[in-house]
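To keep things clear, I will list the structure first and then write my remarks on it.
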Amino acid sequence: MHLLSVDQFGKDDLEEYCARANYHRQSRQDTSASGKILANLFYEPSTRTSSSFYSAMVRLGGHVIPINEVDYSSVAKGETLEDTIRTMACYADVIVLRHGEVGAAARAALVSQVPIINGGDGVGEHPTQALLDLYTIRQELGTTDGLHVVMMGDLLHGRTVKSLAKLLRLYDVRISWVSPDQLRIPEEFVRHGETETDDLFEVIMEADVVYVTRVQKERMITSYDAREQLTMNYSVTATHMAVAKPDMVLMHPLPRVGEIPTSLDSDPRAAYFRQMSYGLFMRMAVLAKVLGPKTWG
Amino acid sequence: MHLLSVDQFGKDDLEEYCARANYHRQSRQDTSASGKILANLFYEPSTRTSSSFYSAMVRLGGHVIPINEVDYSSVAKGETLEDTIRTMACYADVIVLRHGEVGAAARAALVSQVPIINGGDGVGEHPTQALLDLYTIRQELGTTDGLHVVMMGDLLHGRTVKSLAKLLRLYDVRISWVSPDQLRIPEEFVRHGETETDDLFEVIMEADVVYVTRVQKERMITSYDAREQLTMNYSVTATHMAVAKPDMVLMHPLPRVGEIPTSLDSDPRAAYFRQMSYGLFMRMAVLAKVLGPKTWG
Amino acid sequence: MHLLSVDQFGKDDLEEYCARANYHRQSRQDTSASGKILANLFYEPSTRTSSSFYSAMVRLGGHVIPINEVDYSSVAKGETLEDTIRTMACYADVIVLRHGEVGAAARAALVSQVPIINGGDGVGEHPTQALLDLYTIRQELGTTDGLHVVMMGDLLHGRTVKSLAKLLRLYDVRISWVSPDQLRIPEEFVRHGETETDDLFEVIMEADVVYVTRVQKERMITSYDAREQLTMNYSVTATHMAVAKPDMVLMHPLPRVGEIPTSLDSDPRAAYFRQMSYGLFMRMAVLAKVLGPKTWG
């Protein structure tokens, strides 16, 4: 099986992935991938994602061929993605593909004899990020039902928030949306009665989760004062934390560049580094799942 | 022992390598390289070759230090190839060297305390490619004797066809040569009575193997019509396949850029992706052979 | 524990590291790092250092995530070193950090939940190089006491000679300093009565160790004659070797670019390639030490 899009997942799948991640969290070494090889095929750099899969594969007893930060010409001397995939499928048992073009993972899956895991295809999808985000919420709060989740930042371009929102829609979750007016979430993602605002204070008091992503202020506005105002509105401050619930969960896919000051890192509600750890266990779950029962070795 | 050139191989060697590759094809995991380390030292990028050796080493139970796409300055801060090799020979048990200069592998072998495998030295040699090509023919046709092999493309500059031709000369093989007039095979490679032509149709009907390599048309001619004509003559078409033998074997070292259209990929005679797989087993054979019996570990 | 600076080491520590390196020299495979993962986080290229740690970790039964030659933007898209470290500490059990800024390793250690090994921080420190240099002297001469060590080259900028000098000060060692006048060792490193000179001949006859580093002549002087003179004074020649002790040890951290001609490589006193090998064993010692007794796996 391939893992290409969050649209593949039903509620049962999510339960299975979370249960598997829990298993790997408890038992950090295992032999699900013994003798197997992962090709980490990254047309775009992403140290975080590639390292996470690398570590996950090794902890499952497998091996990794790292193909990092190659551009089109150097990896393939002009050959098509399809030919590169068919070649790598001769050498590896599973491929994590990071690529700049939407739909690249689906194209790869069409020709691959081994499972393709979408590690991010441009502004398209990054489904294992959504899985680990969901798993983080489950681990931190014990449930995904009855929650109020605040999504903040660039909601127009961010693939992360959209993918996570799709998964949360399988549960009883209310989402509030905080962004500059120009970067609002496309309306098909919003349910009747949900709040859209440009002010985190309006919704943070009742938030169970605040999921922060980056606003690229520089691209939007050039006046210094306006940027300062934006920073105040779309960064999380000590004042926000002071009015938030004592068991609120503050998340961020990282890297951050100012949206959450380091002074909040020691707040027990700051979950973004735990989120990285949960990511490792979820990627172990994903690799073990797509590799399936061992067929040889 | 080092593996530097196809000139090293006698018929007995080829038989041994093919038998070893067969063994690894059947038994895709083994411990010949257990505890051993391969340094994949690539001064030039070659994802295909480096990944193939990487996978082969891991399937033999070994480990790989990937040193990819380094240019001279970054790998060595001005040091000589010889010093770099002597250093890496302290850390690794075998070195695959890809380098832009003819003779680099031989220079490396002179100073190395561990086996050097030539992974391509400029327009010089790429002997493991020739081995895997020969092995592909053996696997597809069951023999290397009595065959008619057609070599097509840039026969003047291509190291691949020359190396394979040298190996085929150890057997009872007739070669036909198809190329633009400017890119003919140097005459020392041609035997009396062999056909040289610029038209694949002239020889394809009796071909047991058609080995296609790239013609860099852009470098040769600038007129559009002439390029079109060249494309017709030096690409394989459905019409060519229609007149070819039903058990002909169509090979290409890849990457391809138009010489063989993807519409032929599903033809059972299209062997170029199987060729990649055979390459893995042959590189396992090569690594196991040069590492020899385990001396420690 | 972290390994950040030679200032951490007392004499007992050095004895322990040398004993551990000896153990790994005898027993080149071991399971001290079984199931553990090293992140080789190199913001600057250093094939020698990264390969050495890679090989050491694998020979201890562990695994390596190679993150080579990344520049700031690509590794982190603008994130701080601290955030990158906290992320990698989720995926790896130990981090070797090579970074262009003095103090980077110390900053990393402040936030890391796993051991940080300083693999070179700009003009700051490279403590495992100093350990392997000391170990080389011990292996070659059997002792570190009563020795006369000559340090030659760019003594002003070189971190290698300063770090080694600090370690040698724990023993009964006399150091002589040979450099161009503009590149003299800062005076706090010199003890009363020690020789400072610009002429190797003045001290080589009584030297037990000659430790050579690179002088970047091009940066200093532009006249051809003056450069030639400098080359004569700060390179080791056959004449130098002829007047040196028969059991003198000639060292160089490599890469060399002319300071020691290849014609001296076969002299048994030329220890610089053995130095590379000792480096592997010392890095095995360092990794095994910082990983400590296995806590899981």
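Assorted remarks:
Labels for the chains are A, B and C, by order of writing; each one numbers its residues from 1.
Methods note: a contact is a pair of C-beta atoms (placed from the backbone, for glycine too) under 8 Å apart; a residue touches a chain by one contact, two chains touch by 3 or more.
Just so it is clear, the structure is predicted and the values come from calculations on it, not from any experiment.
Path length between chain B and chain C in the chain contact graph, taken as the least number of steps between touching chains: 1. Rotating chain A by 120 degrees superposes its CA atoms on those of chain C, with the angle stated to the nearest 5. Homomeric contact chain A/chain B: same residue numbering on both sides for under half of the interface positions. Between chain A and chain B the centroid-to-centroid distance comes to 40 Å (mean Cα coordinates, whole Å).
Touching of two or more other chains is recorded for residues 66 of chain A.
On chain C, the positions that touch chain B within their shared complex are 28-29, 45, 47-48, 51-52, 54-55, 58-59, 66, 69, 254-257, 262, 273, 276-277, 279-280. For chain B in complex with chain C, the residues that touch the partner chain are 35, 37, 39, 63, 65-67, 70, 74-80, 82-84, 86-88, 90-92, 296-297.
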